[in-house]
Every structure is written in C-alpha cells, then in structure tokens.
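All remarks here apply to the structure that follows.
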Amino acid sequence: MEIILRNLTKTFPARGKKGRDGVTAVDHVSFTVPDGELVGLLGPSGCGKSTTLNLICGLESPTDGAIFFGEEDVTRLAPELRGVGMVFQNYALYPHLTVRQNIRFPLENRTGKDRLSRQDIDRKAEEAARLVQMEELMDRRPGELSGGQQQRVAIARALVKSPRVLLLDEPLSNLDARLRLQTREEIRRIQKQTGITTVFVTHDQEEAMSICDRIAVMRDGVLMQQGAPQQVYDDPESLFVARFLGTPPINVFHGSIRNQKLCIGDQPVMDAAGAADQEVWAGVRPEGFVPCPDGPLACRMERVEVMGRDTSIISSHSACTQPVIRSIVSSESAASLRSGQPAEALVRFALKPDKVFLFDRDTEARIRLRPAGSVPASERSAR
Amino acid sequence: MNKNSPKAWLYLLPALLFLLAFLVYPLLDVMVYSVEEGFNFASQTYFGTGLYNFSYVLHDPYFLQAVKNTVLLVLITVPISTGLALVISAALSSIRPLRELFQTIYFLPYVTNTLAVGLVFMVLFQRTEYTDGLINLVIQLFGGPVIDFIDGPYWAKMLVLCVYTVWVVMPFKILVLTSALASVNPDYYKAARVDGTPRLRVFTRITLPLISPMIFYLVITGFIGAFKAYSDAVALFGTDLNAAGMNTIVGYVYDMLYGDSGGYPSYASAAAILLFAIVLTVTCINLLVSRKKIQY
Amino acid sequence: MEQHTTFETAQKRALLQERIRRGAVYLLLTLWALIVLFPFYWMVLTSVKSYGAYNAEHIPSFFTLHPTLQNYIDAFTTVPLVGYLLNTLIFTVLTTGLMMVVSVLAAYAFARLSFRGKNLLFTAFLSMMMIPSELVVITNFATITHLGLRSTFTGLVLPSVTSVFYIYLLKENFEQVPDELYRAAKVDGTSDLKYLWKVMIPICRPTIVTVAILKAIECWNSYVWPRLITDDPAYYLVSNGIQEIRENGFGRENIPAMMAAVVVISIPLILLFLIFRDKIMSGVSRGGLKG
C-alpha cells in the first residue's frame, strides 16, 4: 500500500496563554512511501518525526494537508479504520496478559460481521508468532521476556490483523547495542517476508541507513531530504543532512571560494568550478582525505587510531569547526605516515572532490559545482 | 562508624520515649488487662486471670449489636464506595476542562470535621416536630412515606450511617484512584485505539487489570477503616450509641472505658482485641485473594 | 468508493457517540459535585436563617431573602465557641510542633547517622505502624488518668505526638539529599545539628510543610482522645464542643445557631485546604501508598 503525505502540517496549540503561537511540529511535509518499501523517518529528537508517524497512524489529526493510502484519503479516518499496525517505543504490551493474549487482543476487538471464530483467531495468532519466532514463549507474560523478545511480540501484535501499513516508533531505542543489531536485521527480514509497507522512526542514522530502502531526514518539522540512503549520503542537499548522516561525522571547515577555488585557511585546496566568490562551509567526509606529502591541506597531527582494516588519523586545523578532524584512510597509506614522523608534526592531505560538499554560509544550502572534468592533480600522482 | 553512635541515640531518644510510653507499653498492657478478671479501675485490683472478660463481651447484647452494625456497615459501604469512586475517577480522568475544579470539590470532605458535617447530615435527614427534613421532602416528592432517619427504624438509621460513611470516605478513594489512573502509560490506550478496541473493553481488559493493585489496596484499607467506624455514628446519633442501637465495635470499646457505662478497661481491652482479631483475619483473607487475582 | 462512505458514516456515528458520552460524564461529575457541596451549602444557608424563620418552614426553602448574622452572635455568646477554638488551636500547635521536632530528629538519625542496630530498630519502627490506635488508647487512658493529667493540655498532647508514619515519610525524604552534601559539610567542620538545621530542613521543606499540615488537620479534627480525656468543658476541643452544643447547647431546636457554630469550625480547615491544596493532596496520596 503506497502512502502519500501531501502538505501535511500539524500545529499544537500553545499551552497556557492565549494569543501565543502554537508549536508547528510538522511543517508542510510532502512525501511518498512506495508500496512494499521500508522507509525510515530520521532526525534529531523533537524534529517532528514521531508526530508524523502519529499522523499516519491517525492518533493525531493534521491541522492541514492530506494523507492517502493508495487511492484512499484517510486524513479524517479514525486509526482503527485505517488498517495500520503500530509498534510503540516501549512496546505497550499489556503486562497482565500473556504473549498469546497480547497477540490475540486486536483480533478479539472485532465485532459484528468482522467477528472471527476462535479457530481463526488462534490460527492467526500462531501465524504471527511464528513470523517473529516467538511460538515457543506464547504463555509467558511480557515481564518474563527480554527486551528483544518483547519487541518481537509487539511486532506480532501489530501484524496479526494484517494491516495495510506497519508503523514503528523508535523500535530499537530500548535495546542494548548487541540486540539492536540483531533486531534490526529481524525487522528487515519480517518486512521483506510480508512485503508490508513499513515506516519507522529513529534518531539513529546508522540504524536507518543500514536497513531502509529509503530515508527521509527531518528537522524542526520540515522534511529536509529524502531518497535512498546511499544517495542521500553521497549527495546531501544541506549542511544539516550532511552532518546528520555518517559515522564518524563529516568534518566541517570555514572555507571561502576565491577564483573558482575552495580555500581553507588561505590555502586553495580544491577546484570549485562554477561557484561565485563567497564564504562557505566546506564539509569533508572522513573518507575524503588522502594523505599525500604535497597535499594542499596541512593539518596538525594529533594521533593515529588503528581500527584493523582502516586507520583513522586524528588531526586538527584552525579553520575546522570541530576540535579534531577525523579522517579514515586505508592502513597501507597510513603506515608510511607513522614511521619517522615526529609527534605534533604537520600531516598533509589531498581531498577527494566527490567527498567534499560546499554549503552557503547563511542558508546552509548546498552549493553545486560544475562537474569537474578532470581528476585533481594530487590524486593522479597518488595512483 | 561507631563514633556517631551515642549522638544518634540522642536524636532518637525523644521519639523512642514517646513510642515506648504511648505505643509499645500500651500494646502489651492491653493484653494484660484483657485477662485480668474483675478488674477495679479505682482500686487497681483484680480477682484472677482468665478468659472471662472475652466471654462476658461475647455474651453482651450491646457488643453483639455493635458487631452486627459494624459488619453491616463494612459490607455495604466498602463495595459501594469503592465502585462509586472507580466510576467517578474514570469519568474524572477522561475529561480535561474543569478537572481541577472537580478534584478540589471532591476532596473537600477529607479536610472537614466529621462531627461537624455529621450534624448537617443529621439536620438533612432528621424529622422534628417542625419539619420532616429535606430528605423526607424529596422522598415525598416521589410519593414515598415520611421516615425519621435519626430516631426511626433500624434500617433507616443504618441507611443514613452508610450514606454518611460513603460521603466521608470518597475523597481518599477518588484521590488514590485518579492518581492510579493517571499513572497508566498512555501508550496502552494508544495501542488499544489503533486496534479499534471498544471503550468498555479498554476499561475492563486494560485499565482495570492495570490499576487492580490500587483497587485491592483501597478495599483492604476500606475494610480496616470501616471496621473502626465510630465518629460518623456519634456525629449522627449522639454519644449514647447503645441507646440508639447504632453502636459500633470501637464505640463499644470506648463506652466500656469511659462514659455512662464506663469504667471497665478489662472488658474494653477484650473487645478491642476481638476487634483486631476480626480485622486481622479479614485483612489476611483480602491479601490472599488479591495475591491470587493480581497476576503481574 | 462505497467503502469510503461506510467509513464516513462510521466516523459520524462515532462522533455522535463521543458527544453523548462526554455529556453523560459531565452530568455524573456535576451530580457528585452537588452531593459533596450540598451539605456545605445547607450548613451555610441554615446558619443565616433566623431561628423563627427556620422553625416556621415546614418545607425548608433553598434560599433565604433575609439573611441574619444573629446565629453567629449566638454561637459566640451562648456557648464558649471561642474557648473551643482556642483550645483546639493550642492543642494543634503544641502537638504538631512537638511531633515535628521529635520526628525530624528521629528521621535524621535514621537517614544520615550510622549506629549499631539501626536496621533492626528501623524494622521495629515500621512494624509499629501496624499497631492500631484503638488498642493502645485503653492503657493511655489509664496512664494519663493515673498521672492526674486528665483535662490538661499535657494529657491531651503527649499521647497524640507519636506518628511512626511521618517519621518514615521524613526519613525517605531525607535520604534523597545526596550524601556528598553531608560529607562536604563534615569536611567544613559543620556539626550534625547545624547540618540538619541549615541544609536538610531547607532542602526538604516541601515534605516537612506537608507533614505539618496533615498532622494539623488530624489534630483539628481529632475527637476520640479529647473526648476520653477531658471532662472539663473548659478544655473541650471543637469536635467535643460540637457534640456538647448538640446535646446541651442552644437547646436542641436551635439548628441555625448550631449550623453557625459548624460553619465557624469548618472554615479554618477549608481555608487551609484551599491554600495548600496541592501539598495536601499529594501528601495524602503518598500517605495512601504506605500500605
């Protein structure tokens, strides 16, 4: 089932005093979730992603805009009529009911002609439990389950009524690191197996990037960018998105464009064809640094961290907005650096143009360069 | 660590003295009293020891009347007040505007003097030579007969006592239940809404089980409180409760101790111990039942 | 499209049901509010009706066009209402004050100081919470009588001071003050008593105030103990005063004067409640968790 959000807006009335403007949690968001895809709503806390999810679910009704499930306008429809399954952040499993009773609960609500027979209810509950591999623990209570198991029961409860859409609110935030990795694979598997259109909300970009077909990054109620995870990562439209995605995070420098060149600290470091002279933010992904004896960007060497396959070079530069620059380079190219280098010496980098993004100093919007026809000289010599 | 020791005891001393003198010693002493037969309060002498005091109390028609009154009061008011408080708290939790106002009003009886407001209830229910009283007026409006609730038939007096008791105990129950309801995680309700659960089902299958520990707590304290009823009855029927036939067990204890029929601390002790044997038994049964019912 | 319209009618029906439900809820709540408030209204109303007018009403009227303050004057002149109020005030202040000192010291010892046998003693304290006051009142009555303290404030106050539950409540609150503060004060050479007075009490003031208010309400309304221990009307508290007024006061028929006395007695507590509403309500619901 395709989900279409059209100009969706939600304003909460100001608490207390009248006449004060309310808080706009969701601001004219338009967005399409293609049928059968897993989509992550991503953003820092308070960005409106959970409100967006609640709007899709029907727990909140929008101030403006419309929501379509396929052809059908569900904007004013009560949640139970939308055919959505929802998994809450703390799972909201009823503590006094067993796993089986929890999973059966949504089905037992049906009355009248939708009423299901006992056998049907049992069969569907068993099916849902098998899907999340919980059929062994059907008679336990939620208090006797681990966090990951509770999560799976919550998913089973959401799926048992065969919803058109599955919604997950921060599904991994209550799990420890190891379980998180495992559970996100599990969510991915269940989603692929059922082919159900799924929206999940998270503040953890790694989580979203790893399992989503498509991500949507939000900030202050505004949809900043959407697309396939790799595409958004490789081509951020704003400084915010560039900063939000990627671990370690992007390194941001005070830069300026002079004569079609990007300068960092007076030193031209890269071609910037097609950009007018101005002050900019220059974001460089950690993997965009290439250690190179005659590289244009000279940084103060702090230390080297070896992480096996890769090595990360920690350095600093007065024009960088962060205290240290983190760059990830292959271990071979780092090896030459370490030997015979005095501590606190300079380390020189060349930059990979496709890992460097320029942003307007005021609007923080991306400044697009003319596609460079040639590979920079420094890298050519490195090959 | 122990260098604090003497000083700590110094801090504790006043509390210890008070508790020993007025709580621990009396508790032991009351046991002694209860087995001293023929105790004379003026001369502080007694004939012997034994269980005669208990036997006397158990054969005293006033005590049996008091037990009957108390048990009736408990059986009527505890379920009614708890049920009513549950309905009102649920209603209160479902609204937003005026909630604070209602909460404030509902709590008022808790801070008012039981004796004073009891007098008002007496006036409302009483039939005098001048007036039939407001309640009788309402009854007449619906075509009922005029009843004197304060000096009339037993059931009428019991009814007033129950009504007043419920009125008095409601604030505490409403307060406890509204805070219990407020502490239920709203996600449960959201989940139920997404699943299209009907309101009544949400209440019986989700809300009630979740707040059941608090309901059992209220039932238990309600039983204990109602078994100790006394000043409500005094407020309505005056200090001579035996004459009114409306005495309670606690009232019997005090009457034995002091007042027109007083001066028998041994009988009072025996009656008090019997009362607490009853209360303890009922509380234990309550606890056993709640253990079985509360499953998480 | 057909499915759509069924959704829409369902939606409309749900909306209507919701309205009816809300109406019923407000009706119920208002009804109970009236039941709670009516005795108060009736008490005030009757207290401003004149004696003659009240007894002339075979059918009581719900309002009066000729309010009078005569009943209040009667209440203060015919019966020693001022005396009752003063006695109660003295009793309340003395008992509450003494209890606060005793309880704060004990709670502090349990919360902050360490001594041999602390846990054992605290368990003993907790088990004392279960001793019902009706049991111990018999011996206390005998003790006070033998000490010749009947009809004295000493006799009234002493047995009313103990309150294990409030010690427990204060101790729990004191324990939430971080240990570091105590250690820091010790390093600075602050004495225990000074630390209690200068640090603990100011930090825990909300709870201390709540406990004091709850105890004061309890004192103001206490009936059983004062009744047992005071024969002399000069020492009657308001509860006993009310009972006395009812049985021997204005003559049993002067209901308006009685109601005036009842209003006077009720007002201080209602004012106290309206001022400290949140403290009292949170205190009582916390007290409700002690079981």
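Just so it is clear, A, B and C label the chains in written order, and each chain counts residues from 1 on its own.
Simple rule for what comes next: contacts are C-beta pairs under 8 Å (C-beta built on N, C-alpha and C of every residue); 3 or more make two chains touch, one makes a residue touch a chain.
None of the values given here were measured: they were computed from a predicted structure.
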| item | value |
| --- | --- |
| Contact graph of the chains (line, ring, star, complete, other) | complete |
| Which of A-C and A-B has more C-beta contact pairs | A-B |
| Averaged-CA centre spacing for the pair subunit C and subunit B, given as whole angstrom | 16 |
| Whole-Å separation of chain centres (CA-atom averages), subunit A against subunit B | 58 |
| Length of the line joining the C-alpha centres of subunit A and subunit C, rounded to whole Å | 56 |
| Subunit A residues counted as touching two or more neighbouring chains | 78, 81 |
| For the subunit A and subunit C complex, residues of the former touching the latter | 72-73, 76-78, 81 |
| Subunit C - residues contacting subunit B, complex | 21-22, 25-26, 28-29, 32-33, 35-37, 39-40, 42-43, 46, 54-60, 101-103, 105-106, 108-110, 113-116, 118, 121, 125, 128, 131-132, 134-143, 158-159, 161-162, 164, 167, 192, 217, 220-221, 223-224, 227-228, 238-239, 242-243, 246-247, 253, 255, 258-259, 262, 265-266, 269-270, 272-274, 277, 280-281, 284-285, 288, 291 |
| Touch list for subunit B against partner subunit C, complex | 1-2, 4-5, 7-9, 11-12, 14-16, 18-19, 21-27, 29-30, 33, 41, 87-88, 91-92, 94-95, 98, 102-117, 119-121, 123-124, 128, 130-134, 137, 167, 170, 172, 175-176, 179, 199, 217, 220-221, 228, 230-231, 234, 238-239, 250, 253-254, 257-258, 265, 268-269, 272-273, 275-276, 279 |
| Contact set on subunit C toward subunit A in their complex | 3-4, 7, 10-11, 14 |
| Residue numbers on subunit A that touch subunit B, as the complex places them | 57-59, 78-81, 84-86, 88-90, 92, 94-97, 105-106, 109-111, 141, 143, 157, 161 |
